[in-house]
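Next come two complexes built around subunit A: one with subunit B, the other with subunit C.
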Partner chain A sequence: MCDQTFLAVVFGPCDKCSKEKPLRAVYIKSEQLSYCSLCVEMGLQTSGPNKFGHLAETAFWHAFLGRGSPGAAPRAGDAQQLALTCCRPAGAGGQAGLSLPPGGAVPGLRALGSAGPQQGRGGAGSRVAEAAGASAASPRARRAKELLPPSLSLSPVSLPASLAKMATEGLHENETLASLKTEAESLKGKLEEERAKLHDVELHQVAERVEALGQFVMKTRRTLKGHGNKVLCMDWCKDKRRIVSSSQDGKVIVWDSFTTNKEHAVTMPCTWVMACAYAPSGCAIACGGLDNKCSVYPLTFDKNENMAAKKKSVAMHTNYLSACSFTNSDMQILTASGDGTCALWDVESGQLLQSFHGHGADVLCLDLAPSETGNTFVSGGCDKKAMVWDMRSGQCIQSFETHDSDINSVRYYPSGDAFASGSDDATCRLYDLRADREVAIYSKESIIFGASSVDFSLSGRLLFAGYNDYTINVWDVLKGSRVSILFGHENRVSTLRVSPDGTAFCSGSWDHTLRIWA
Partner chain B sequence: MTVGGPRGGHPRLQMPCLSKMERMIVSMQDPDMGIKMRNQRLLITVIPHAMTGNDIVEWLIQKYGISEEESLHLGNLIVKHGYIYPLKDPRSLTLRADESPYRFQTPYFWTSTKWPATELDYAIYLAKKNIRKQGDLIEHEKDNYNLLHKRINHTWDFVVMQAREQLRAAKQRRKGDRIVIDCQEQAYWLVNRPPPGAPSVLEQGPERRNCHTSRVQLAKNMDYYKREIEYCRKAMARTRVKSSICLEGYIKFNEQYVPHDPIMSGCLPSNPWITDDTTYWAMNAPTVMTPTKLRVERWGFDFSELLTDPLGRAQLLEFLKKEFSAENLSFWEACEELRYGEQSRIAEIVDSIYQQFLAPGATRWVNIDSKTMERTLEGIKTPHRYVMDDAQMHIYMLMKKDSYPRFLKSELYRNLLAEAVIPPETKKRVFPFMRKQRHSSPSPALLLPAGDAEAKGEDKSRGPTAVPEEES
Partner chain C sequence: MAQDMTEKELLKMELDQLKKEVKNERQMVSKTGKEIKEYVESMAGEDPLLKGVPEDKNPFKEKGGCTIS
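Our next item is the complex of A and B:
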């Protein structure tokens, strides 16, 4: 059979060094042999780079800091100090009493002056951390910051001595580490049991008595062409017809999508503008991406004024900006970033109001709770977790980890009692906040591409999800079944939002266009 | 920052869809339940173990219970990712639902194989093609060939040697095998080195997992577990609600809101996006003389609905004035201004709230319980954004539990309901293919000062024309 000769062994013993490695076919003297990539390269007399040096260096830094991971959630009071020092260069922001070490920020350096109590970097450090209290913005926290001795800032001179100290302390930790791990695991198990106890019925069972949806017809009503490259993000204005969209080539465009006219256009100094948002008043837009910043542009129709001139740099992260959203006013912005944190900023001064640490990897999306009294938001990240945060204290209130892959998009259910998430594992899931668990999965065997963006219809009965296979699937939230599949885009759907009054939804795609569906 | 180009030696982290696709491919090749493969005729040559485009589409429809359109779309994506390749027109990776022959790609060339295609492999492929076609390569392949020749010049002997060896080995095979190998390779390189202008299926966007924690394995140390334990303890102590009650909530919410959902139930007179008629927006504008019936009904669903609608809030104020408790709403609004306001104005706003609402003898003194008042007055000494939270919540609850139910029973509300309009449905146009002119509306950004800018969906042709692009 002719097939067999071409099914070359993919993984096996190399013909030269006999090690078990992935193999590739090589022809030597008309004979087909299988060499591992290392032997192929040796045959070419090139040598691969040694990457271990870099890893060891970063490992040292983490051991020194005694925190294990810079993404570790500090006490609430620490948050502001930490983020102030890592997110803004020395000299900016009136309240920062600490300064960064000379030579700029070391990647991952966060625990300036607020090391955990075990490491005991001088009594002052831990006392201050406790004195800082629950709210970073509280008057007590501010006083506590002033107490910190300036000598606690890192200078290269103090490094070697403390480093040695850290190294020896690390050895003793290993014994208790195992016991902590088992305790954590058993508690997690108990938590799952508790959650399961109250789970007495499934959503689709309850939804049996709800009327099934009839024929569902939605068509593209507008196509917005004008971006020269992949559309990455969009947001609606409260006037229900204007939208702002951003793309890979750095362009941010404001459209009146009803007439398809472009009203404003700005070119950002960076590419991959992955986040954009419209201000509640309709007078400004915010955007950001690979520049690690979130900038606010007031919208002006004055032909003599350059929109870029009035640009305000608000947020500063240490990695790409993945999502941003205004809160109830034009004066506060919430951002999510590839550096694993979310942050709340005051637009006028650019000051960091609160930062949210807890994700173990890049944060990709966020959504604010619709409640009038609530002050919470949900974020999803590459660590497969969706976390609900209290905006005031910076604490994580709830967290859900049932996805198998990165969570690309989170959106609250209109009542605020639940939220949906879309992930690279090709499923969308519904999590209930009061029951504290996942209550529905929206998936189909034929859908194998990740969901990049989700949003609910006004009543929450329909969930629209844009996927990386260029389609949009419409799910019946209550019954768990797919209602319809919408074709039209010629590349992956990257963003999807329902209009504020629920009359239509807009989808943006890597095929350079946006479509309004109704 | 790498943006999805070939990364030397890294496995493809960001594409879980590929492993799912592979499972699909494997089940397609299942001897019992898979696609029936047979010998396909390609001009005069017979290619074994091939199938037609039709077979693929039919199998997908059967297996997943999907429509033909979806099946064709899915099949197309499988071909675009290089897991199935066409034999008849190997240069274009598309699926045609007819009798054109296709074959499964050999696992050696699967897109998810541990290492991405290297320059060396591509050079060997181009060299082979060059020798075979005697220098007559396609435009972009010619450019790539020259580029590689420059870049990896030191290994060019090896490249040419390999190319010659492979060609010699190929000559000894049957014609059918030769065609198959050619198509396989061609499909592989179409996926890994797409011609300029064609979108690459391998492009992933900016690299993720840049957060340093994922690179260093020290993440799970004592601090991490201590936090996990603390989180679990707090979570256990949290009160949870039974699933049946929570889910019941969705059913109720659904019942209430579905008539108000334009996508589910349509909207009167018509959906502006479908008919190009903006009357719906005009009738539901934030400030309008007579609100629609649906809108007034919605105020009765929840207190937050009444508050978020500017018209509803205005009506609530009227009602509260009659009850001599209008200061409650004003106080609540002032607190919102504090919570979401500028950092620099916090002290100023707190002082103004104190003077208006909390100071003994204030003109609009709000009735808060003594404990909360005490706490608030203490907190005012060091003002911050959330200092009024307790008092605000108290007043909010007061309005919600006390004033709101009375509002709903009041004559004011009942009159509003009675006078509310139900817009008539737009009659179907006689000439549906004549598009109505789409009028622009003034942008909210035009209305100054910022803060009370509300867009009005009026049919004014005052909208701005396209503004020239600004460079940052």
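Our next item is the complex of A and C:
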């Protein structure tokens, strides 16, 4: 079991003999190839299983296609490519063994039910096929295409007969489904009415008399180079100087931002480490991603100690880990996952303390309320909802659904009474928790790329947002206008955090670097 | 887990959540907006990214040469 993630061609020309046959994924000298079963046999006989690496695990994709017994051959027209994680499936369904990078690597694959209700799951084969076609234009499918190497093309999945049978049984399901939908729509309408009653004024009107901001001069003060691939996440240490960052190549690095020195580095057993966090004490870091886990590494300055040896696995989800954060102490961690749930864990025992169910799709981000305001946190997901949770009871207190696409980032306002969100719909929005509504939208017609990450300055007057068009926009929170636009990164900005004392902010990007701006 | 739930179960979950939320207490935006504005004004003086920091106090200032004394 190694958690390597790779794309495997399931049916096509063998990389060794070039004949068109069902293929199995093989790992040779760090290269992922696809061999037909004859070449696999020959290879095993000549070079042995060690040379071929991971060979024993490659049969699992048969179970995933739902054909029952392993060894059932795929046919041309079946999924051309699958994103696979090399590990055994945990349950009978076989889905647990599958991990996809965010966005779902293959539109047709999501329709089979790994995540995302809007793709039409668990029902008629024809619904799935049309969802697969329709999804090609959606932002998620666009992003999925960007994640794949350019030479591979995607095609929809054709389903086995057993799912088509479920379609006829699904007919009466549809009646109660429709009545549930109408009830939900009418409740949403009522909620909107109640919220509208309090909407007597816009935020920028309240702030009319506030002095406008002058010109801002912010530039890159440090560039942290060292990651070998896209930087996906970063976090500041409470000492205002250290930073932990994680990237697609599996590396997690701790930097001293003043000197740009690397203090620690650890290689995770999985790629796409999408989440990382610094412990409040500064003595440990947490990280996770496609391994579906959140692991805690104590930081040690002893050169003889191997950081990876002291790793502790804390959280276990059934899909990728998208975000993690320590609570006020090193003892508890809050995680968000592609399986649609958030969870609170005890670090020492690895025990699940509370789980939070309510999102209808992958949860992509979370943020804890500033400590003075109590035990709540906000999460945002692919269901376009932002939800505020009570950590003790596990209940969702409020939810907001005004974005038009996935919410990539949420951040509490410094006073704790509001939060901002950044989304693939190219807008950032401010939600006031006591008025229970969205009170500001930060957008411009010229901004068409999604916002991946947002954070506030210390006073809450400025909102920094990193976008997929490689820029960082600085917004005046009160007036709703853009104050500044920062250039520098050479690929999309994936993560952005303001330092704990507000003197600078750090952005991480797919261009493999992190930049400190002040 | 959202990934294992049927559309019906997801809708039920959403419905239960909406029923709870309709009962929440809310305040007028004129009041809460004002509080946000006041918070900003009270903290603006200490916000280094807002008002700038003199170069000699900024820990991220350009790395200068070394002086040996």
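The rule is simple: the second predicted complex is superposed on the first by the 332 of 518 C-alpha atoms of A that agree within 3 Å, B and C clash if a C-alpha of one lies under 4 Å from a C-alpha of the other, contacts with A are read in each partner's own complex, and residues count from 1 in each chain.
The criterion applied here is as follows: contacts are C-beta pairs under 8 Å (C-beta built on N, C-alpha and C of every residue); 3 or more make two chains touch, one makes a residue touch a chain.
What you are looking at is a predicted structure, and each value in this text was computed from that prediction instead of being measured.
Of the two partner chains placed by the overlay, neither subunit B nor subunit C lies in contact with A:M42. Legend: residue contacts after superposition of the two complexes on their common chain; A:L33 is shown touching neither subunit B nor subunit C.
Within the superposed three-chain model, A:N468 lies in touch with subunit B and out of touch with subunit C [touch as defined at top]. In the superposition on chain A, contact is made by A:S446 with subunit B only, not with subunit C. In the superposed pair of complexes, A:H199 makes contact with subunit B and with subunit C alike. In the superposition on chain A, A:H357 contacts subunit C only, with no contact to subunit B. When the shared chain is aligned, subunit B and subunit C each come close enough to touch A:D432. Taken together, the two structures place residues 173, 176-177, 180-181, 183-184, 187-188, 190-191, 194-195, 198-203, 206-207, 210, 213, 218, 221-222, 241, 258, 319, 338-340, 359-362, 383, 396, 398-399, 413-415, 417-418, 432, 434-437, 439, 457-462, 477-478, 501-505, 516, 518 of subunit A in contact with subunit B in one case and with subunit C in the other.
Every residue of subunit A that touches subunit C in the complex is listed here, in rising order: 95, 113-115, 117, 121-123, 173, 176-177, 180-181, 183-184, 187-188, 190-191, 194-195, 198-203, 206-207, 210, 213, 217-218, 221-222, 241, 257-258, 318-319, 338-341, 357-362, 383, 395-399, 413-415, 417-418, 432, 434-437, 439, 457-462, 477-478, 498, 501-505, 516, 518.
Of all residues in subunit C, those touching subunit A in their complex are 1-8, 10-15, 17-22, 24, 26-37, 39-41, 43-44, 46-50, 52-53, 58-62.
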